[in-house]
Amino acid sequence: MISVGIVGGTGYTGVELLRILLRHTQAQVQVLTSRTEAGKRVADMFPNLRGHTDLEFSDLDIDVLKQCDVVFFATPHGVAMQHAQALTEANTKVIDLAADFRLQNLEQFEKWYGMQHACPELLKDSVYGLSELNRDKIKQANVIGNPGCYPTTVQLGLAPVLKAAQDLIKPESIIIDAKSGVSGAGRKASLGMIYSENADNFKAYGVAGHRHHPEIVEALENISGKTGVFEHVIFIPHLVPMIRGMLSTIYVDLTEAGAQTDLQALYEQFYANEPFVDVMPAGSSPETRSVRGANQLRIALHKPHPNKLIVLSAQDNLVKGAAGQAVQNMNIMFGFAEDEGLAGIGLLP
Amino acid sequence: MISVGIVGGTGYTGVELLRILLRHTQAQVQVLTSRTEAGKRVADMFPNLRGHTDLEFSDLDIDVLKQCDVVFFATPHGVAMQHAQALTEANTKVIDLAADFRLQNLEQFEKWYGMQHACPELLKDSVYGLSELNRDKIKQANVIGNPGCYPTTVQLGLAPVLKAAQDLIKPESIIIDAKSGVSGAGRKASLGMIYSENADNFKAYGVAGHRHHPEIVEALENISGKTGVFEHVIFIPHLVPMIRGMLSTIYVDLTEAGAQTDLQALYEQFYANEPFVDVMPAGSSPETRSVRGANQLRIALHKPHPNKLIVLSAQDNLVKGAAGQAVQNMNIMFGFAEDEGLAGIGLLP
Amino acid sequence: MISVGIVGGTGYTGVELLRILLRHTQAQVQVLTSRTEAGKRVADMFPNLRGHTDLEFSDLDIDVLKQCDVVFFATPHGVAMQHAQALTEANTKVIDLAADFRLQNLEQFEKWYGMQHACPELLKDSVYGLSELNRDKIKQANVIGNPGCYPTTVQLGLAPVLKAAQDLIKPESIIIDAKSGVSGAGRKASLGMIYSENADNFKAYGVAGHRHHPEIVEALENISGKTGVFEHVIFIPHLVPMIRGMLSTIYVDLTEAGAQTDLQALYEQFYANEPFVDVMPAGSSPETRSVRGANQLRIALHKPHPNKLIVLSAQDNLVKGAAGQAVQNMNIMFGFAEDEGLAGIGLLP
Amino acid sequence: MISVGIVGGTGYTGVELLRILLRHTQAQVQVLTSRTEAGKRVADMFPNLRGHTDLEFSDLDIDVLKQCDVVFFATPHGVAMQHAQALTEANTKVIDLAADFRLQNLEQFEKWYGMQHACPELLKDSVYGLSELNRDKIKQANVIGNPGCYPTTVQLGLAPVLKAAQDLIKPESIIIDAKSGVSGAGRKASLGMIYSENADNFKAYGVAGHRHHPEIVEALENISGKTGVFEHVIFIPHLVPMIRGMLSTIYVDLTEAGAQTDLQALYEQFYANEPFVDVMPAGSSPETRSVRGANQLRIALHKPHPNKLIVLSAQDNLVKGAAGQAVQNMNIMFGFAEDEGLAGIGLLP
C-alpha cells in the first residue's frame, strides 16, 4: 500500500482522482491540499464522495507531501514545477495533470502558458505519460507530465501509422476536428461556462490557436521520429453540450504505401495487448457514452477513398484523458497491475 | 411610436426585452445602459441580435433616460428604486423587472433583499404588474413592479378559486412544488451555475427560504382579499437541467363548496378573454416547451380526490415570467394592442 | 461463485445488471436471454460492455436457466410469473425487476397491469425486495419482487416516521411530488421518448394514475402496519430532461407527537448502519448527480413549519431504484457482503 | 393573400412551417394533410400551436390541394413526386422539403433513395431552392426542391470562392466535418433516437455514406460550373446532443490565387445584400444558438496557414435548413418581401 498526496483537489480532475483512488487496493490518499478550502471536508464539496471518505483539504505543506510515495498535481499550470524538485529529492514521485511537464520545448511552453519554466533540468528528466507509448520510460520516471486530453486522442489515434516501418501517411495533411464535453474546461466560475450559455448549443472555440497544438506537434514528432513536418497540423476544437466525452475526427492523406496497407489489421495488431485501447471493427462509430467514466479509448477507421484515412478516436476526457491515465501511470511506476482501480465499466445510458 | 430605454441590458431579461422590442411596431429602443459594458455593441455580447440592431451600451445618464417614454430596469434588485423618482417626475414611466416594486411590505423587502427601500412613497403608488389581474391599475400606473417568475405561475394558477364568491379552497393547505430552468438564476459567473454542475442533475434549492415566498404571500392576500392565512404556504423550488421553462405543481385542499364546484368551467370562464392564459382540457399536462419563447401560461387542473385540487401552471420564465409580461404591461400602459410584439408562437421542438 | 442468469437483457435494467455483475467477485453471468436478439453479442448492443464480456444473447431455455443459482428477470411485466414456479422448483432463486411480485393485492395487479397473475400461490411466498426494510425475509426468500423506482424513494423516505412507536405523521396528508430522468421509462422506440420531445422540457405525466401508486399504498401499509389510511396519498410524477436520477419531494403533516420529535435524530439513528442510505445534515439538498451510477439513496429533512415535514429522497433510478437493489438483494440471499459489486462511487460531474 | 396547403404536417418541418406561416401576413394555411392523423387538431399534436390555430389534419385530397396557390410537402422522400404533376397542371406551385426534386442525376436519386423517380420530366423543370444562389430561377419556378440542411451550410459556405473569377480553392481537397442537432433526424419512433441514447453523448454517423453527399457534389458542380472534381469531397456528419442547430466545419486547400485573395472581403461583398447570410468578423466563431429559430446562416473564416481556409457555417437545421428556406422560396416565387414571416430573432438563451 502506497501513500498518495493530491495537490489541488477542487477541480474535476481532483474529484475524479479521488473517485478512482478511493477504490484502489494498493494506494491510499493521505493528503489533499487546496489553497482556498483548507479545513473543509472534500465530501462537502463533492457530494458523490459522501460516505466514502472523511478527507479534509489541508494547506500545502511540502514536508507532509514529502512523506507520500507519490503526489498528483491537479492544479492550474505552473504549480507542479514549483514543488517537483523538492519532492523528487525526497524520493516522492510526481504526476502532474497540468502542462508543466508536457512540453520539452521551453520556448513553446513560455509562449503558450505565459510563464518561464521553474525547473528546466527536471523537465528534461521527466517523462511524458502517454501510458501505452511510453510504458518503459514511465516505469523509471520520477516526474510524469500527464498528457492533455485532446493530445491523448490524437496520439493513440495515429501511433500505429506513425510508428510503421514505412511512411504510410502524409504528415502535412493531418486535420484534427475535435469535440469535447464542457467539463474539459474545468470547474471555474466563468460566464462562458454557465449552463444557459452552453446547453443546446454547438460551436468551435480556440480557433485562433489552442495550447494543445504545440503538445500535439511535439508528440507526433516524438512518436514518428520525424521533425519539421507537423507544424501545419490543423487542430480545431469544438464544444459539445455534454458533461464528459471527447471525440477527435482525424483526416489524413495516405501515401502509396499507406493506401496498400491493411490499416485495420495494423491497428488491431498494434493495440492487441492494450486493455485500455479498443480498435473497433471496420464500419464502427465510437460513441463517447460507451466510455463514460471508464479509462478507455475507442478507435474506428474509415477509408472513404483509397488515399484517405479517417480515424475516429473517443474517450472520457476526465478519465483516459486525465485522471484515469494518471492513475494508470502510477500503476506502471509502482509495478501494480495496470488496471488496478481502473477496471470500471462505462456508465451507459 | 414611443421611445424606450433599458437599464442593465446584459442579463437574460435584457436580451429578451431586446428580442421582443426590436420587433415591436410601436416602440423603439433608444437607450441601453450598462455599468460595465459602455461602448460595446449589444450584438457583440448577444450574437442572436447580430444584424438586427446597432445599439451600443452607454453609461446610465438620467437626463437621457428622462427623454424616453418608458424605461425598463433589467438590473439587480435595488437599482430601479434609485432612479424611479427622477424619471416619473419627468413623466417617464418605469417598469422594474427586479423586486424593488413588488412588495408593499417594507419589512419583508428589507429582510429578503437586505437593503432599505429608497422611495417608499413611490412604492405606495406603484402597481404590481400581474397583467391579467391588475389591468385597470396598470393603465394608470407610472411605476410597475413586474412580478417574479414563480409568483406569476402561482397567482394565475390560483386566481380563479381565490376570487370566487365563495371560499373554494383552504388557504393554509397550499403547497407549491415549483420547477425552473437554469436561466431563472440569471447570467452570472458563479460556480453553482456552470454547465457541468447542472446538466443531468436535479435538486431542490432555496429550501430554507426563497425571496419569492413573501411575494407569493402578499399577492395571494391581495387577490383573495384575505390576510393572515397564507403565511404557511409551502413553496419549494427545484432546478431543472433545461435553459428555459417553469412549471409549478400546486396542491390545494378544497372546501365543501370547492368540492362541489365545476372548477374546470370556473377556470375556463375566468380566462375566457385572456389571450395569454390557456386553460387546457381536463386531463392535460402542460409542457414547458409548448411556451418556449412565447408570452403564454398554460394551466391544467386535476382532482385526484373530491377534496383535492392540483393545478399545473407552466410558462417560459423569461417571457411570461419576466420580459414578455413587462412588455405586456407597457402595451397596457400606452394603450397598444396587448399582444403587440408578443404574438410569437412557442418554439417546438 | 454462483452462476447467474438474466432474462431480457436488452433494456436499461439489463445493461445495468451486467455492468454491476461483470465486476462482482462472487457471481458470474452464465446466461443472457432475449426473445429478439438471440445470437447477438451483448457488447454489440451496449458498446460500454465491449472488452468486458463475450456474452451472447440466447433464446430463453428454461432448462438452462434451471442450472443457474439465481435468475434476474429484466423483462416487461408478466414474464417472470410464467417461469418462476419452474425455477424455484429447481432451487433456482428468482429476482424479478418488473412488477409481477410487487403487489400482494391481486385485484390491484390485474387492474393496473391488465393481466391475471399466473402464480398467485408463489406470489404469497415471494418477498418484496426493499433491502433495508425486509432484510430478514429476503435472506430466506426464493422469489423477490424488486421494488419500483418511485416506491423505493418513498418507502426509505418515510420508513423512520412510519415505524416509530408513536404516530408521528398524518397518513392521509402525504403528497409525493416525484421527478425522474427519462431512462425510467425504459428503452423503447416510442415517439414520446425521443430526444427532441424531451430535451429542454419539463412536464408532469401519469397524472390520471400511475402504476406505482398502488405499490406505494401497499408498501406504506406494510411498513406502518396500518391499513385504509393511505389510499388518498397523492403521487404526481414528472419527467426531467436527464438520463438518470430520481428525486421525490414528500410533504407530510406531523401529528402533535411528530412536531415534538427530533426527526433528524430519528432518521440518523434509523439508518445508522445502512451503507446505502445517507441521511444528510439538516439544511441539505440531495442532488441526483451525487448518486449517479451508485447504489445509494440520500435523504434530507426540512421543517418549514412545526407541523410540516418535507422529505427529499434522491437516488439513481437504474441502480438503487432497480438493478443495484436487485444485486443487493442477491447479496443478501446468498450471504455475500451486502456491498459486493456495489461499492462504486457516483460519477460526478 | 395566397392560400397554402401542407402535405404531411406531423413532422418537425411541418410544425415549423406552421409556426412561421401562421404569422405570415400574405399567406394562409388552408389545408393540412396527414395519412394517419386525419380529423385530429394539429394543436393537439403540437401544443405550442394551441390558441394559434384550429386547423385539423385531413386526408390528402388532390382536388382540395389544387385550389391552393402553393403546396408544401413536408413528407418522407417519394411523396411529392406522386402529386407534383397534377398540382402544377392546376397552376398550384409545389415546394418539396424532401429529396424528390433535389438531385437532377436520376441514377444517384435511385441509388440513395431506393426508388425510381415518378416524374423525371417535371424534375428537369424544377428548381433547386437554395434561395440566395438561385433567386432568379426560383421566381419563375413551378416546382422547388428545397435543399437538404447540410448541403445548405456547405453551399453558402463555399459559394463565394466557387463563383470567383479565378480558381481560389482546390476542389478535391474539401473536407466537411458537419455536426447536427437531433431534430435533423426527424420525428420518428426509433430506438436510436430516444433521449437516453442521445443525451450526454457524441458520435459520428453515416460514416459509410450519407444521402446528402451526392446532393453536395451536384450542388458544388452547379455553383462552380465544374464537373468531375468534387466526387472525393469528404463529408462526415456527427450527432450533437441538442435539439436544433447545425455547424459545418469546412476545410479547403487554397490555390496560389486563393492564398493571395482577401477572402474576408470577398465573402462580405458576396453576401453584402443578403439579409439571411451573416459574414462575421475575422476571428469569430458562429454559435448555433445565435440562430435558434431564426432563418439565418452565419459564416466565419479562418486561415491557419496561408494555403488553408476553414469555413465555419452555422444555421438552425429546421429553419434556414428546411422550413424557413422553404417559406423564403415561397416569398420569392410570389413576389412578397423576402423576409415576410422570417424576421424573427433567434431565441437566446
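Letters are used for the chains, namely A, B, C and D, taken in the order the chains are written, and counting of residues starts over at 1 for each.
In this section, contacts are C-beta pairs under 8 Å (C-beta built on N, C-alpha and C of every residue); 3 or more make two chains touch, one makes a residue touch a chain.
In this text the structure is predicted, and so the values were computed from the model without any measurement.
S.K.: Which pair wins on C-beta contacts, A-C or B-C?
M.R.: Looking at A-C and B-C side by side, B-C shows more C-beta contacts.
S.K.: From the C-alpha centres, identify the chain that is farthest from chain D.
M.R.: C
S.K.: Need the CA-centroid distance for the pair chain B / chain C, whole Å please.
M.R.: 39
S.K.: Centroid from C-alpha atoms only, then distance chain C to chain D, rounded to Å. What do you get?
M.R.: Each chain reduced to its C-alpha mean, chain C and chain D end up 46 Å apart.
S.K.: Calculate how many whole Å lie between the centre of chain A and the centre of chain C, each centre taken as the average of the chain's C-alpha atoms.
M.R.: 37
S.K.: Which positions in chain C touch two or more other chains at once?
M.R.: Correct list: 12, 181, 183, 187, 196-197, 199-200, 241-244, 286-287, 289, 292, 349.
S.K.: In their shared complex, at which residues does chain D touch chain C?
M.R.: 12, 181-183, 187-191, 193-200, 241-243
S.K.: What residues on chain D touch chain B, complex-wise?
M.R.: Contacts found on chain D: 12, 15, 19, 22-23, 46-52, 183, 187, 199-200, 243-244, 275, 278, 280, 286-287, 289-294, 296, 298, 318, 343-349.
S.K.: What part of chain B is in contact with chain C in the complex they form?
M.R.: Contact set of chain B toward chain C: 175, 177, 179, 181, 196-197, 199-205, 207-208, 232, 234, 236, 238, 240-245, 247, 249, 251, 283, 285-289, 292, 300, 302, 304-305, 308, 310, 312, 314, 349.
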